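Structure first, then comments.
The chains carry the letters A, B, C and D, assigned in the order they are written, with residues numbered from 1 in each.
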């Protein structure tokens, strides 16, 4: 049932919410990550997301399907790649469930696990240069 | 900053999400409650929500403003009244924050507190009659 | 004095959904109003135990004094969301 | 045998973002490939400590055996979301 996708296209969150809005789901919990104008005290101009697409979709599917079974819910996760401007959504995790606690817990579990396990990387492009973000670290980009 | 409303009109969640999508908010957490086709083992035809509107808006505002200060976020809460068909959204709690944990916690706190403290009541109209829902109880409607 | 009473949820089956004018003696409290309502409608005898009350749109205690023209609302367990 | 190497994040600064063919001896493990990469590029000396590795799109251990035509990906700490 889970639907996952890594895509260059814009995310249409309202459309994703409709996919889990069956009439037996009383609760929908959505998490949207979007591009901030600053990070680690540095001004950000835009982001570039890089993904190992086939593996990212495989891991996303495992995360979503495990959570669907564990919390009894329906899950859609879309993540963007490529260049993202300020304010654009980079990720949407949408969970529909008969019960609200399950919806919150599954949604939070999915986004937390995604950040740790899904092979996607962010490059922050700032006025003073650009930086690969790896976990909590920002590595300035070196000319190769 | 908090925006709250008790309204007869349909909820446009995507529009509400835009209101907290400032470019310093990296995280948006949304909870949508929608009308289920069953409750307590009983088939549901539609719902009627009744609100003590001025007090409901006052209490909603207190809940949202307190959460904004506690979690450092921006909050919009809209709740519908009147007749709601299956699958329609009854409530939307939308939280924008620089940080995801704050967004999740504030959103969950608001919906939990709303259910306890905001003077709104649900009447379930079922094929076999209609029932006032009061907390966990369903009271069959008596002719007066 | 006259006060306004508002009822919600299943109480509207007994007292109606419209605001209702009640005549109460000077110095009466929310508690006195509740007892009056329980007298009027035996099926509402659990009123004080089941409900919270609001005075002029703020949660109040049963000991609060009524004032001329005030609005008291009887609020059964809520079910918004 | 030949295997395919994929690099991500800051490693693309050293090894490029395109898949790269590597010649490895029969019986080589992921660990052997990592050591070869660390030799090729001293700035990548922390590779084994910093990265996880995938073999044919599944997380793998350093002890896993390479097979002809397999794809190994070097995955620095991730930052999706």
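Just so we're on the same page, contacts are C-beta pairs under 8 Å (C-beta built on N, C-alpha and C of every residue); 3 or more make two chains touch, one makes a residue touch a chain.
All values reported here derive from a predicted model rather than from experimental measurement.
Visitor: Using C-alpha centroids, which chain lies at the maximum separation from chain B?
Guide: Centroid comparison gives D as the farthest chain from chain B.
Visitor: Centroid of chain B to centroid of chain C, CA atoms only: how many Å?
Guide: The separation of the two C-alpha centroids amounts to 25 Å.
Visitor: Just the number, please: Cα centre separation of chain B and chain D in whole Å.
Guide: 50
Visitor: Can you list the residues of chain B that touch 2 or more other chains?
Guide: Correct list: 33, 100, 111.
Visitor: For chain C, jot down the residues that touch at least 2 other chains.
Guide: As it turns out, chain C has residues touching two or more other chains at 81.
Visitor: Got a list of which chains touch which?
Guide: Per the contact definition above, the touching pairs are A-B, A-D, B-C.
Visitor: Can you name the residues of chain C that touch chain B in the complex?
Guide: 6, 8-10, 12-14, 16-17, 43, 50, 54, 57-58, 73, 75-81
Visitor: So in the complex, which bits of chain B are touching chain C?
Guide: Touch list, chain B to chain C: 33, 49-52, 54-56, 58, 79, 90-91, 111, 114-122, 132-137, 139, 141-144.
Visitor: Could you pull out which chain B residues touch chain A in their complex?
Guide: Touching chain A: residues 13-14, 17, 21-38, 86-87, 98, 100, 103-104, 107-108, 111 of chain B.
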